[in-house]
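You will see chain A twice below: alongside chain B first, and alongside chain C after that.
What follows is the complex of A and B.
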């Protein structure tokens, strides 16, 4: 009986939790020592929505359920509602999968000292986790070498780390004079704008996220202490979130403290925070500096080179944006519905017919919502960007901009009207909207496009070139009837000549 | 924050330097030289305040050698960061070339054309070179433009090709180009030929009349077999009427039963009517 009740409770909690965040809320944090989480208490507090952790790892299920439901009540009131489990790589019970299903929705790696991560976190398992649409946030540190299994995972994604698994990014021009006047390893960076003008801007923290008084761009500062820079390959799935300033460079503090023998990378080639969104929309983010997420640097006071006043860092908001993006709280698009119909007077305009005729006028609409922290909001395409509809058979015949037509509380409808091409065959209405930082939208609706039926062509009497032929038929008919009358009723002529035309 | 043994010595030195004054990095005795395959070019001097006025041109086998002495607060010293950075002004892309620096601050770098990243090697605008000298501690870093480099393209060599990597973004709009509608000749020409065709009907009638055609036996035929002749000729006209309706609106299966009825009437009345015509022929009246 008790087990039945707890099962029902579990099912209830599971269903409530499933809708609380679009990507699920089971978060696993891997760290060297579970006690280390105290250093990140603000970050985890924001994620959890609570200041103290809950006894999730208790073995008895009913206690776990009570804890979870209790947690839910509080989470809905204050925080982002993640269900955090803390583990060390050495833990034997640690497993990302249970019976072939993911045990966690997201994994957060904090720096660990060991060279490898053990048999439960091999590169292969991590890749499988990504393939199963799990999200990973990986935080590195300049003071501990990166575990080799994580280096292998990064190489799979074409993200490269300095040789010897260790590096430190310094910038002698943009450092924090208050805390790193000697080593220059605390970089102060303006919050990043959109990567390209047509990309959605999630990380500039410009709008309501920033507290008053810090609105000027120069004062919106993120501190990047003691971090490792990465270089990114050419792949289109990779995008840097935060790039290093042009005078910064990466060196190995162990071997290159005096001179740089072999420069790994410098300037904006160095990516400090990089993002990968896999084809299945799973997200993988590398944060070069784990300290960035620590309590010490949340709202820390820093002083730029050559400036007298110190400013507060926006690390807390930046950490929220980065973790929120990685864990599917922002930048998640949902297609609500797709509709297409005939757009011609006097004809049926039923929704989503299977067949159209060539040169029909057709209207296509798609409704999109965007998940933003805790709710769906209408999706607006960034300026300079377009949501495009392709009407394609093998290759696109039309590629048209979809314009917003109807906007409701939680969705925007984009639609376009156009004339079908004069080619019959099997066509697709295809919306293939892939952009960095937005999950992939791929909507394909197949329809047949037929030829004109024999009675849909213009009649011959409206074709002026056919008039002589129509007149010819008329003349023949008249001639034939006259001939019949003459043949039937003609009397022989009165004169002697008897042979006449028949 | 672990201080490694190798770190401490320079840091202490730098700290000592910083304690004296807020010093800054500078350079001296700076020259730039273009080394071609056959002969070395002339050395040209530049300084912090006085950058080269003319651009340096290099071909695809040449290299640029930059020599300078790095100084911290006037004394020759080795900075941790000593780069010559080439920047493409159009795209904003940069490539660093670390200098080899000796303890006394003498720094040298040899930038070969072939070492240029492809994005810079294919650039059409001059590349801007700047010197970056900086190190740990409180000394202020130096980041100054010094000269610009133009790339000579060799007409004999195959030009490097840079293929842009794929990036997600909006794509070019496509509007389907419809086949042109079938064209008609000018209506005046059609009308002329319509008239020409219609004119054959009166021409035919006039020809027949000239040959003596007439309908004088109509009354006799109607007297001898009035129903047969009426129905027979009427059915011929009706047949054409059915064809007309088929052209305008009827379908084949509306046409067929009507044709059947009209055809049967033609056949039955035709037997009688044509018999009457035969009787006139036998009477020698045709």
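What follows is the complex of A and C.
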């Protein structure tokens, strides 16, 4: 009986959890025909599965108690568990917003044939969706022109597509001999490493993600069939996930000429998969080839030019990494709490006081977690990179490295101790950590810094350098006392004498 | 006393040709003798005290130059204690000298000393406060 009650209770709790998290996994897939989804069944199968909760959807907890309950929520997650809705652009009921709120958390665009996307998916609405912290994954294809609505959105982000909305990336040195021996439009690329050595590596699919036996770098291959390349502007929000090899180029397959006069772009200026993380940490990813995500190329056998053995592609893992990053399953940082206190003996060391004095010793700590697929893990700063604290009034007076001090199961505490500058005013403790592929951390805590009160200076007898002058005053005063005594003692005879003389 | 002076003057002028340094010595000796004979006891006491203040102040200043002025407020109060005391003592000397009697008809030596004591106490209070 008792076990039955507890089971019912558990079921109730589970359902409540499912309801509370279901708001977070709403994925809308836009495709030409709903029947097309069969071609991507493995990809969508990976995305669905068990329930889970996403960090974006819950209110960002700054307090430890909230963090604990959050941890409970995600503890039981196993699959990626997206709640997928399939729509075509023609559908009239399609709407990204309902009563001013997002109806979906993520949108996945697969190639559509129509020139535009209709009144429900105008560039403006898509931008609004990103401004409302919605994530978009956009898959293009070399065989269908990109809808003009999406071209406008891409231009808005400084991502450029070939003219005529169509292009095809080919490479005569890195193609798949098994499937594209003539057209050379199936590129075989090694999995990309981090863009710079101090960036976090999300897409190299190393060790843990890759199946056994494919550990060698040469065999970790991603196929990029029939895709469109993009060129990226100079914006700091843009970063390429997968660059084209140096021997590749993009041309317009519609032009029937033998020689190609004007290339759209070539070599590594072409980005095949590019990412944009907006300032509100909304994510937008362009995958140049939708076929890359299709069942056909998940685990397909490919053969590189000049190699005899065929290898299996890692497209499935790559698609998981790209979609996971875009939909906020990896690379999401959370600030659990921020704390600063006076670090001096004999004084009250209460947390987060509003006021400090100049030259106080102060300790600042910030606790960070990183979301990784289904749980929060301690965030570790990549090698060569630093998490820094600025103590600033207009400009920073200090810029200090934060060192990891305490590491728990799901968070790392970074802290630094320092002496406040000899300048009073309104200061900020500022942590401004913005890196590609990690969502933005911007924590500003304002405190006043006052000058010394008049009774806070050290007494002069404490300072040994002042002793000679203290002795000087002592000598003056005792000399004066002695003088007065002698004066008074010598008074009557002296005056008497002088008066007698006169 | 008056008739003595020309005699000494004559002797010094006579020996002037022999050595100028000896003459200066004699002048200095003369001044000292004259001072010791004519100055009242209390004025001598004041002068001794002022010389003491100059020495103490000079030492403090030398220490500041040699060892640095940290903490500056201590130097200021220590040094200004001697300077202030010197000024006050000089005022006392002016007011109690017999020759200046005509200038201060209403200030008796007792009154001058009382003023001096009050002024000095204020000075000491200020300096000890300021040295913290």
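Here is the rule we use: the second predicted complex is superposed on the first by the 409 of 502 C-alpha atoms of A that agree within 3 Å, B and C clash if a C-alpha of one lies under 4 Å from a C-alpha of the other, contacts with A are read in each partner's own complex, and residues count from 1 in each chain.
In this section, a residue touches a chain if its C-beta (ideal position, glycine included) is under 8 Å from a C-beta of that chain, and two chains touch if they have at least 3 such contacts.
Quantities reported herein were computed from a predicted structural model and do not represent experimental measurements.
In the superposed model, A:486 makes contact with both chain B and chain C.
With both structures placed on the common chain, the touch criterion links A:472 to chain B and to chain C. Using the contact criterion defined above for the overlaid structures, shared-chain residue A:129 touches neither chain B nor chain C, since it reaches no partner. Contacts of A:198 after superposition: chain B is touched, whereas chain C is not reached.
In the superposed model, A:421 makes contact with chain B only, not with chain C. Shared-chain residue A:253: touches chain B; no touch with chain C. Contacts of A:457 after superposition: chain C is touched, whereas chain B is not reached.
Taking chain A as the reference chain, the count of touched residues is higher for B when chain B and chain C are set side by side.
Contacts of A:396 after superposition on the shared chain: chain B is touched, whereas chain C is not.
Residues 463, 465, 468, 472, 475, 477, 479-480, 484, 486, 490-491, 493, 495, 497 of chain A are contacted both by chain B in one complex and by chain C in the other. In the complex of the two chains, the chain A residues touching chain C come out as 457, 459-460, 463, 465-466, 468-470, 472-473, 475-477, 479-480, 483-484, 486-487, 490-491, 493-495, 497-498, 502.
The residues of chain A lying in touch with chain B in their complex are 143, 170, 172-173, 181-184, 196, 198, 234-236, 246-247, 249, 251, 253-254, 257-260, 263, 266-269, 359, 385-386, 388, 390-391, 396-401, 419, 421-422, 434-436, 463-465, 467-468, 471-472, 474-475, 477-482, 484-486, 488-493, 495, 497, 500-501.
Of all residues in chain B, those touching chain A in their complex are 1-2, 4, 6-7, 10-11, 14-15, 78, 80-81, 83, 85, 94, 96, 98, 101, 132, 134-138, 141, 143, 165-176, 178-179, 184-185, 187, 190-191, 193-194, 196-198, 200-201, 204-205, 208, 211-218, 221, 229, 233, 236-237, 240, 273, 277, 285-286. Taken together, the chain C residues at the contact with chain A in this complex read 40-42, 45-46, 49, 52-53, 56-57, 59-60, 63, 67-68, 70-71, 73-75, 77-79, 81-82, 85, 89, 98, 109, 113, 117, 120, 124, 127-128, 131-132.
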